[in-house]
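First chain written, first letter: the chains are A, B, C and D, and each begins at residue 1.
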Amino acid sequence: MLRFTAERFVGMIVTMLLVSLMVFIIMELPPGDYADRYAFRKYSGTGVSVTEADIQAIRVELGLDKPMLLRYFDWIGNIVLHGDFGQAFAFETSVTKVIGDKALLTTAILFGTLIITYLVSIPIGIYAAVKRASFADYGLTTFSYLGLALPNFLLALILLYFANRWFNADIGGLFSAEMKDAPWSLAKAGDLIAHLWLPAIVLAWSAVAYQLQTVRATMSDELNKLSVTAARARGVPETKLLIKYPARLAINPVVSTIGFDVNRIFSELPIVAVVLGLTELGELLLRAYLDLDMYVAGAILLLLTFMIVFMNFISDILLAWLDPRIKLGG
Amino acid sequence: MTKALLLSGGAVLALTLPALANCPAVTVADLQGLSPDYPQQFELAEFEAKAACDLGFAENPEIAALNGEILGNGALPPVSERLPQEPLVVAPYAAIGSYGGTLTGLSRGTESGTSDLLSVRHVNLVRYSDDLQTIVPNVARSWEWNDDFTKLTFTLRQGHKWSDGAPFTAEDVAFWYNDVLMNPAVIEKAPGRWLFDGQPATVEAIDETTVTFTLPVAQPNLLNRWAIDYGQTFLPKHFLGRYLDKYNADAAALRAAHGFADEAEAVNFFYGNSDWKDVPSPLMKDADKVAAIGTAVMPTLESHIVVEENTEGRHLVANPYFHMVDTAGNQLPYISEINEEYVPEREVVNLRIMNGEVTWKQQAMQLNDFPLLKENEGKGDYTVALAPTLGQSPYYSFNRTHKDPVLREIFSDVRFSQALSLGLDRNEINEIVYLGQGKPMQTAAAEHVTVPFLSAEDLTDFTEYDPARANALLDEMGLARGSDGVRRRPDGKPLSIRITFASQGTASQLHELAAGYWSDLGIQVDVREVTSDEYRAAANANEVDVLTWKNDGVSGPNISQDVTDALFPGDPFNPKGHADWATWIETDGAEGMEPPAYIKRLFEVAGAFIKHPLGTDESNALGAEMMKIHLDNMIKIGVVSEIPEPYVYANALKNVPALTAKAYDYYWTYPYRPQQWWLEQ
Amino acid sequence: MGDLLTVENLTISFRTDEGLITPVQDVSFSVQKGRTLGLVGESGSGKSVSTKAVMRLLPGSAVIAPDTRMHYTAKDGQRVEVEKLDPRSRAIRRLRGGEIGMIFQEPMASFSPVYTIGNQMIEAIRLHREPNKRQAREIAIAMLERVGLSDPATRIDQYPHEMSGGMRQRAMIALALSAGPALLIADEPTTALDVTIQAQVLDLMRELQRDLGMGMIFITHDLGVIAQIAQDVAVMYLGTIVERGPTAEVIRDPKHPYTQGLLAAIPSLDRLNARMTPVPGDIPSPTERPTGCPFHTRCVHAIAGLCSARTPREIAPEPGRAVRCWLHDEAGRSAA
Amino acid sequence: MTDTAKPDRDEAQRLRYYSASQWTLIWWRFRRHRAAMVAATILGIMALMGVFAEVVAPYGPTSRNASYLDGPPQLPMFCDRQGCSIRPFVHGIKTERDPITLRAISVPDPETRVYVSFLARGEQVRLFGVIPTDIHLFGLDHDKARLHLWGTDDLGRDVFSRTIYATRTSLSIGVMGVLISFVLALIIGGTAGYAGGRVDGGIQRVTEVVRVVPIIPLYMGLAAAMPPEWSTTQVYFAMTLILGLFGWPTLARRIRSQLLSIRNEDYVVAARLAGARPSRIIGQHMLPSFTSFIIVDLVISFPYMILSETALSFVGLGLRPPSVSWGVMLQQAQSVRVIEQTPWLFIPAGFVVVAVLAFTVIGDGLRDAADPYSEAR
């Protein structure tokens, strides 16, 4: 197990390095750089006419004139060595500061979503498989298909509207006005949860749909396995039997796809966040793209991806722990 | 009428009978027979004299707690010591307010869309009254011009204090100009708007309350700038000066202790590089540094001061040293706190308004949301009303310095602009985009409602929808149609133009409609929406086919002291393109592109225009010529003018008058004295 | 010795998309204590389904006809009417494993891969015999030893995939026996093994059955295997028992043409060079069950007009034997 | 008599069954999957509507009806107060503005009937961009009046017509995206699977990297990189390219693992020993053995493409007006105003849902059909 973990860990680091290079290339893709915008912000309203030389000077000041590879090493070096993600141009502060709490909130949303996803999809998937071809099964399948097909931004918009109009729910943001600036406390955490459910439900729906299908399919397969019949033939009580034998195995594909769930959630997060007016990383990422604030975009993309890679790693370890066949396979 | 007045006055008197010397609670609605020198406000002495009373002062009961939130502020002296000896006495619109509450407003982010709430707390030396005609005292209690408009003297209020309790004096004005704006060690390039014919003014503090601006050339309309400008012409010398070697022998040590590399960095950390206030605030830039320095933002004279800011929003509390009182002697502002939340998403903004969670919102409210907001007024317990926008008429201006010589040629032919103007069905545009509320009209470089030299009748040419005539004009230019119906340029290529626009400036529906009309004229039109930053960048870099935005900065008070927006390339924030012309003129033909004669003349006329007081015959003649140049050459194709826009306030917010304009040109709420707004609990 | 299990008139149908299919029709057999009944037939003949019915392990879509009787005599002498039990009841669970053990064709698949052998054995032991965990473990180790696994104390903590096929099958047997059943149903337990191991396992099973005094139902498609292990045999074809009787007699003198065909298909040393004579033709699909005698489509002796039209009844040509064939039912034939 | 005839027919059927090609078998099995057949039919209709958009849609995507802004759907009817008619008709309509809320309200005029006609003459269009015609599937037989089955948007454009044109754009982006990712997957997965060893290891790493980056943020990054001066056509192609560019990893993995598993099969080894070129070995010998799986995967990846396009356009990083796609239409509908006042602008969402559902169900059906063991289970 230790060796397995070590191997996976090294794999994770390599992937992270490659990912960072790719993220940097994406950061570099948009035409132009931040210098002209920066100049523009700096001198707007002052009546100063900005010349190309001024922009060039800013470029030098911001280090945008160096060759790309050098900047990559600068960038990744600063991140690894100093935890410094560079400069957030639009906010005139460091990326770390801009991201700050948002990373935490994003993680809260992520885990909220994952928890909802698994709490809903695993039992229901098992139930649907056990009740295969029943009315409940068809109902649940249809519901999950809808989760796949309904664009989540639409879902977000509709939920937002109804949550707001019918329940007068406090929307837009992750905290109520009173709690926004309060230090972290139990009450603030409660407040966060009260605000979290909407985005978490929106994001969880499609994830639930996927996982429900997976659990249902694996569970159906597992239910027909000889080992289940064999256990039943040994007189194992039905509920215990379902949990110990097929359900236990039906969880494996779920565990093995945690990383992809995270991926999917992060993928949908920016758009949902924009609709719901959340101020977390996804929304910031979109704004950073629109503003060409590439260090912010890069840092966020990197963080999100690292989180995914890390969760992949966790999922590998968990799976190996859950399924003794894996370790031996390597 | 008089009887009623007397009666109500009597009632107030009766109520306040025990203290006979107390002053009448004068409101704008009921002036109780008093007539102030300036509309709706009094100097203390004037008020006491006119009402024959002795005004006692009262304060917000929460003020000590609020002061406690201001990092670095010490304990408060009594309110009478915090107010200037000569506070400004403000007549509330409808009633004396009560203290407390939080005003919740929304903006898009740290920087964009913030002027809505900036204007709520804004002060400047002078102000426009809500008639938008009269300049009245504010931070300055009076001003005086010399005869040839080259020297302006302001008299400040004795005993006026910054929000940290330090005295505010004439030195702070001089410091702003001499030690910051014109100090190359702090700001590399002196901002052109505070240079006059390229020359700096001389700003001198004569004594504690007297400051003079001596100008190299006559600037008869310059006072307007203080009345409408976002920029404040004073900075806390006691605060920023300590970082400058000139004023503090230990400045270098202090800078090092506070983590600043040089003078510029220190000043900019608080001042933010321009008069555009503390956006983003030092709290956003580096909260750790703020904690180390022990002051969150630099002291202010405004009604509220920022005490917290993060990427979610900012929080402000009332300034305990604010210089205004109401007619009952209560120190303003009434409202204790302001919450500005950064909500970039328009739908969330609308929902929160509809839910009654927003106290005040006017900037970036769009006309086509009006029906929705109006229908939900009752549920959200708010009021949505329309106010005229001054100068905000959308326009198209074809790039006559286009990099493509063929297009440049075509665009420079006035018949092209005439034809495209005739091709627009303005009535339909008005109906579809502006709910039928605007008026089809041309646009010139000034807002016709606010200047004497332009009227609506001047703006009717080529506004009728006449595709036949438009086609005839284009045919006459030799732009014949190909077999596919698309006109060909002289070089045989299809005539294709792209409208690049940002929805912050102009509505996307407008461009989709225009593209349709112009396609009917045989011109291939491609519409492309970009962010406002992208649009400005492209326009400033001469990379657009057609400039399209809404007029800004063209109302009388603005254009009379700053013709930038009537010229080229305009303000980089509101670009008018054609920078090559300006370069040619600035360099006397050494660089840039030679402008046509009418542009040369426009620059001449504009230069002269600014040197005459608005409303004089000379000013009117020059102004009219400027407008004629714009109109005759159809530099801009106006679409629809006099478009109203909605603004929203919670019904609990009191003393809000019907806005006479919703215009950046008068700095949004500044004329409506938000300090006397109050919240009914 | 009394009957351990008596099955009478077992008819099983499945509801499918294509309609009701009936893979087992009117099957009767019985197993005595200490004796082995061999169930033989080609795949799809309904052997497994019948035994699963006894354990009430059939899926929800299966219907057992109302006139079916399945009587089991428990270790304590109680008579259990299996067909009346609810398949989810406690009573049937006591039967499963504790009274009737079952081993399957694929040992790998019948173990859950995520638990150790021991885990699954101890679970069964604790359910039926010994709730104490430590003692259950000892019983399990003893059982593993009994089936001939070396180093059982280590084996018990191994996962199924850590063992070879033969070892797994032995472990499977140990698992089925660990709860101490009185009847063992072995569903083709040796098919997946190679020949030498097959022989070892057969020996082991015979030995265990004898030593533990169990009844056993041994399912196979190989009459040769039956000859080695079963005292009685029932031959199934398309869901009906076409012939049954003591193994020795059936092999010596098969009555039914199908049994004859099966016997002829056994490769044997003295006939190695002779051409194999399997039963000609394909087994029809359960959805296309022939009318009349189900075997008539492949029967060389089929009586035209009779076998294809009418189902033969079970008759006893000799004492202790039974066959369903018109060839042996002259009375019935003439009645038709 | 019948006794002998029946087995013969059965026999014939069975013969047909055993001699049928893999594809025929899949088709037979697929045909039995009722939901998938329904889905395929719906999708077929959608595709046809897209292909023949010019004729199906009564009006052009940007054609406006200024007298019917934000107008609700008009349902053709057969009866009104004046009685009934065999031909469906709608009432004439006027738009008025509420004096207080300024909202445009359409008021039907029950006195005037305008009849619906099929294969009506209307706007001149070019089918497939070439064939000129003015025949539309349906329309009103009155020159001035227009029929808006699904209402109009704020510019008075016909939602039905726009949805039809949007269907063309969105489906075609999906097709192009899937094709591009398919080609990439074939090359990348093929190389990895055929070469194996170190090449495979390297490619696997890269695939892993591409797979872990969340796809929409990645698309956003690439979309942000699109030069702003690009025309809508260029943006359209860029979008398909972007969607295709990162859609390959799943399929590539599938191809690779399949190739790896059959790499050492006798017939492949034989082909290799006979000196066949790798591309030929892959194409002729290896791929056909799992083409059906590839097709299933392709079908399943459609919804991602469509949803991604929709999502990107929705946040303004994808297609932009005047292109009209589902995402573009929904972007214009993303407001509280629309939910409350003009909900019919959400009709394209129904198309997205139906298309994605249809692709998913067809994918399921195909998967079952392509699985040779599906019947055994």
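By our rule, a residue touches a chain if its C-beta (ideal position, glycine included) is under 8 Å from a C-beta of that chain, and two chains touch if they have at least 3 such contacts.
If you want to know which protein each chain is, UniProt gives these names: A, D = Peptide/nickel transport system permease protein; B = Peptide/nickel transport system substrate-binding protein; C = Peptide/nickel transport system ATP-binding protein.
Just so it is clear, the model here is predicted, and its values are computed rather than measured.
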Innermost chain, where centres are averages of C-alpha coordinates: A
Whole-Å separation of chain centres (CA-atom averages), chain A against chain D: 27
For chain C paired with chain D, centre-to-centre distance based on mean C-alpha positions, whole Å: 54
Inter-chain centre distance, chain B versus chain C - centres from mean C-alpha coordinates, in Å: 93
Whole-Å gap separating chain A and chain B, where each centre is the average of the chain's CA atoms: 41
Multi-partner residues of chain B (at least 2 other chains): 347, 351, 354
Touching two or more other chains - residue numbers and ranges from chain A: 157, 161, 274-275, 290
Pairs of chains found to touch, sorted by chain label: A-B, A-C, A-D, B-D
Contacting residues of chain A [partner chain D, same complex]: 14-15, 18-19, 22-23, 26-27, 29-31, 145-146, 148-154, 157-158, 161, 224, 259, 263-264, 266-271, 274-275, 282, 285-286, 289-290, 292, 297, 300-301, 304-305, 308-309, 312
Interfacial residue positions of chain D with respect to chain B in the complex: 62, 64, 66, 69, 97-98, 100-104, 154-156, 228-229, 231-232, 316, 320-322, 334-337, 340-341
Contact footprint of chain A on chain D as seen in their complex: 205-206, 208-218, 220-225, 227, 303, 307, 310-311, 314-317, 330, 334, 336, 339-340, 346, 349, 352-357, 360-361, 377
For the chain B and chain A complex, residues of the former touching the latter: 104, 109-111, 189-195, 230-231, 273-276, 280, 284-287, 308, 310-313, 315, 339, 341-345, 347-348, 351-352, 354-355, 357, 531, 533, 536-537, 540-541, 564, 569, 571-573, 579, 582
In the complex with chain C, residue positions of chain A that touch it: 225-227, 229-238, 244-245, 248-249, 322-325, 328
